[in-house]
Amino acid sequence: MIIFSGDFDKAMAALTLANGAAGNGMEVKIFFTFWGINLLRRKIIYSNQPLENLFKLMMPISPERIGLSKMNFLGIGPWLMKKLIRQKDGQTAMDLFQMAQERNVQFIACEASLKLLGIQPEELIEYHNLEIAGVDKFLENATQSQISLFI
Amino acid sequence: MIIFSGDFDKAMAALTLANGAAGNGMEVKIFFTFWGINLLRRKIIYSNQPLENLFKLMMPISPERIGLSKMNFLGIGPWLMKKLIRQKDGQTAMDLFQMAQERNVQFIACEASLKLLGIQPEELIEYHNLEIAGVDKFLENATQSQISLFI
Amino acid sequence: MIIFSGDFDKAMAALTLANGAAGNGMEVKIFFTFWGINLLRRKIIYSNQPLENLFKLMMPISPERIGLSKMNFLGIGPWLMKKLIRQKDGQTAMDLFQMAQERNVQFIACEASLKLLGIQPEELIEYHNLEIAGVDKFLENATQSQISLFI
């Protein structure tokens, strides 16, 4: 059980753990909250609230776009990092993100975060194992799971 | 059991989890460490140590003042975020912080952090369920609790 | 069981917890991943891959060099923090790092991170209880441990 809230590098860590666990037959759930929601975003549907739209516009969409928590250098860091990953035939955050879906890791989008940022379900990726739920759902899962990490 | 070390957005997550858990009748303890201590600060009592005072002055006081871990933009980010929250009639970090106290969530201030930053108990908020304790206390609690998150 | 990915202040927290737990006779393992690897680095052996070398060069080496997650101010923050710690006769990240080794805390370097960043075992500190392992090893440990934190 992983609760995730953000960066490229942390997404790598969270998804690597999730895929490893799923690969070992563990049931894995990732609870995407706050900035983490951006990984699940597919497109922008603008609302009539300028402030909401500003955030939607400024926030990165999909694992392709998110920045590094460190050494981001206005996006150069992540770009170099992806270049390095490709040199090593390693997996980018996007590869890991897709593998997680292949391994049927459950994605839970934090309801409060969606509401706050004004993101509609239609703006999220299409994935059969994507659920929208609140903090109670997280707590219910967390109390039942062996490992819970806030990444 | 939550150990918390800092940002506006993470404070939102930590407090939302804490309030949700407390609302479900769970016993919740938040261990405030390092930057997290700033949420508990009420006022500044300057000491005769200039360096200590510099930190006290530079660090934000109360959940009203802390910044975002991302998109902070010299404080504009948090300001817009608060504006957005109000537009939605949502709860600010301060609302959640007060609710946590209403729900009697235990606050534990990390002794080492206080000592390091030279913060005296008098500089912290007045809350009957606020305790000052060290790492041993945290470990004792963590080993007994169902969920422990470092946020 | 701690999984660690980075900053000076978080290193302080992680190492303080680890030392406290080890001091209480708990078996402690720190899994260093991504930026966290930098704490274990001792020297740079340049490869023939410029990009790899660029990262090696840009990333800090040892707990002495890493920055603060907040108020870093191009390195002034950590310098002031270390100054403050010394004023208090407190322990710097380096002190805590060495104490962890004295208390025989197990260090595990994330294999994937090493591979990605092109860091060779020879570039890491010499410590009998330092192991290089992958995510499966982490999951195996985490499922068996009382507390798992991602710091």
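The letters A, B and C name the chains in turn, as written, and every chain counts its residues from 1.
In this text, a residue touches a chain if its C-beta (ideal position, glycine included) is under 8 Å from a C-beta of that chain, and two chains touch if they have at least 3 such contacts.
Because the structure is predicted, anything quoted here is derived from the model rather than measured.
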- Message: Interface check for copies chain A and chain B. Shared numbers divided by all numbers used: above half gives same, below half gives different; which is it?
- Response: different
- Item | chain B onto chain C, rotation angle from CA fit, given as a multiple of 5 degrees | 120
- Measuring from the mean C-alpha position of chain A to the mean C-alpha position of chain B, what distance in angstrom results? 25
- Counting only residues that touch at least 2 other chains, which ones in chain B make the list? 148-150
- Residues of chain C touching chain B in the complex: 9-10, 12-13, 16-17, 20-21, 24, 26, 69-71, 80, 83-85, 87-88, 90, 146-151
- Tell me, which parts of chain B touch chain C in their complex? 3, 5-7, 33-35, 49, 51-52, 54-55, 58-59, 112, 115-118, 134-136, 138-139, 142-143, 148-150
